[in-house]
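The letters A, B and C name the chains in turn, as written, and every chain counts its residues from 1.
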């Protein structure tokens, strides 16, 4: 049977579904939420780094391709059981109305990531002080066109962005880098300075890591053209003094610890495997690595294949990455699944 | 000090040529990285995790002693040891031993450095290399403490205080505090005779004595 | 009422400066139907001094006590009210679980000393954490005879109850307290009717470790804690650590003469407040042993 079920309707899953259709296969797409687009849509991403293109434009195009290409879309649905193997899977899918069964010759898991919950690190005051927010929340505000302090509804005058919250941190058992936080922070700082030229924006970092094509250039732009201040020191603690937040951090190049008042503190939160990714890994018996993400058959030689025949994986279920790379993996997984069904391996 | 060997030297924007320029010192350090200090510190108890540090500044930013002691900066202590900068470390010898052992640094270090213990190891390095003319107060205190543990199995805080003031040559302050001692005895917090003693302790006493002797130093 | 027995490690301080903590902890436990049974012939945990002298001794000293608790009381876990002991012993148990050869080395020494061997499995819990988990706010509420109504309290946890996470396991699950803003004391005292006042000093360092070594800075750290508590508008500060108690309360007169009225703040142990709420007398909870005017402050609020 030449039918593939794609689990997860974010950039990786959307791309996989569209590519499979272009190869002439039947595709069902199962998405937990009520809309397609994944985290970028649910969390209302504003502009995408590094080109500063509206997320809507990019993700919208991916969604549209799927809708136009005759992909059978199941919204508000989760896969709860799987039977069979080889090229004959039966998936039980739970939706608001009840259960249904989907047949599949191959499965692509693209269940994505979720942001680190910074209340696990109470030293940053998230959940205690309203003006401490996550990078995802800031993104939502930028999308809505107004950035304000949750405490009083006013535009903040001085903002600190703290890097690597819930990334590169043995204390929370997440040693890996989120790979996008540095470019996202640079982008958000640029957006803030563009929108509010009087706002002071500081980024506290350990190293600036700008992996993708054009990422480094955006980081330069933040420094060169937008006067964003980069302070080399990991933020250690946020307290409140009256109406202000006090950030404790060391400017390590100066060897001076400081307490700096800010109106708003943004935590650039890391990525972890989503609940869906954990659930699918255990449902399909896929190994997960020490970082919690799905381990592919071979990171270099078979990066979107898994140990289970007929089960492929793509996107942030495999680890942190940007939208470009996630979509690329979706396409790769589509190709692998098609080849598998055509009798290849 | 290194002597400049290059044919031209620019000092404050002015290019200098001629033989005499050979006497000008280089302003750039030659081969400044020396692993010896790092290696030595890492062999001392608590120093094992030193090399893991990536200099993020989380420890120093939250450090309890930083606001109280000028130049007290655990991140920088680690950096200097790692660079092998003995002169700078030595110059900070009167700060380093003042670590309050509050553990905030170790608590938050993202890189699994046991920062508080590393600071302790750097203090031990300074002691070992004979930087302190006389034992630091912290060292005296630790020794009195371990003497009491070794000999009796438990310590008695008030007696420790007495001994500390005597050993650090501040009998005057002890007299000043006698008032408090009296108050405490009346309240029964300090025993007049005997004090805290563990009954079955002879064997432990021998073992501890031996261990301390083998560990060397004044401890 | 059936009385549960708990292996209790008071530590050196509770026989000295922390006597009122010891008395009130026992009283409070009894009221909740628990006997704190002191480990027979226990010895010092080694504090932070032992590891300075000799690494292995810093595991040997805790191991002796853990082995005694197992041998005499068949206890796999012991409870200590002292933050210092809590740190030292959890450091030892954690490291020994991680590095089995340490247990062998320690047992070699214990054998030479004629002491029982340690099995490497024991657990150490802070008395506060024990109370919170095994009894909790509801059990406290049920036993209250004289609510601490109108009493404004700041809870002071000090350093080593939550720090460092790698040993305390703070924040790891619901049984362990919040690593930066601990609340177990808050909740127990609220259950006893007190008004718990928010402040920033909960886990600041009192400087007690350097009370003698670096007296000047140590006094400044203590003063900062008391000052913040005063500014928060508390009637009393209450703590779960005898070393903090010693630094803040036993040194109270020194602090007062140096820093004046700005640090005026009566210091109590949380077990004293709970004990009073359970109907205990000032004497039952050793209130007379405090130096910083706790009795007067509590009288003013009608708690004693």
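Brief remarks follow.
Going forward, contacts are C-beta pairs under 8 Å (C-beta built on N, C-alpha and C of every residue); 3 or more make two chains touch, one makes a residue touch a chain.
None of the values given here were measured: they were computed from a predicted structure.
Shared contact partners of chain A and chain B, listed by label, are C.
Chain pairs B-C and A-C differ in how many C-beta pairs are in contact, and the one with more is B-C. Inter-chain spacing, taken between the CA centroids of chain A and chain C, is 43 Å.
One simple way to say how far apart two chains are is to compare their mean CA positions; for chain B and chain C this gives 27 Å. Among the residues of chain C, those touching two or more other chains are numbered 165, 179. Within chain A, residues 123, 171 each touch two or more of the remaining chains. Shown for chain B are the residues that touch two or more other chains, namely 112. For chain C in complex with chain B, the touching residues are 12-13, 15-17, 19, 41-44, 46-57, 60-61, 64, 87, 109, 112-115, 159-160, 162-166, 179, 204-205, 207, 209-210, 212-214, 217-218, 220-221, 246, 250, 253, 288-289, 291.
Across the interface of their complex, chain A is touched by residues 54-63, 66-67, 73, 75-76, 108-112 of chain B. Contact residues of chain B toward chain C in the complex are 45-46, 64-65, 68-69, 97-98, 100-104, 106-107, 112, 114, 116-117, 120, 124, 136-138, 140-142, 145-146, 148-149, 153-158, 160-161, 164, 180, 183-184, 187-190, 196, 198-204, 206-208, 211-212, 214-215, 219.
Residue ranges on chain C touching chain A, taken from their complex, read 165, 171, 178-181, 200. Residues of chain A touching chain B in their complex: 123, 164, 168-171, 206, 232-237, 248-252, 255, 257-258.
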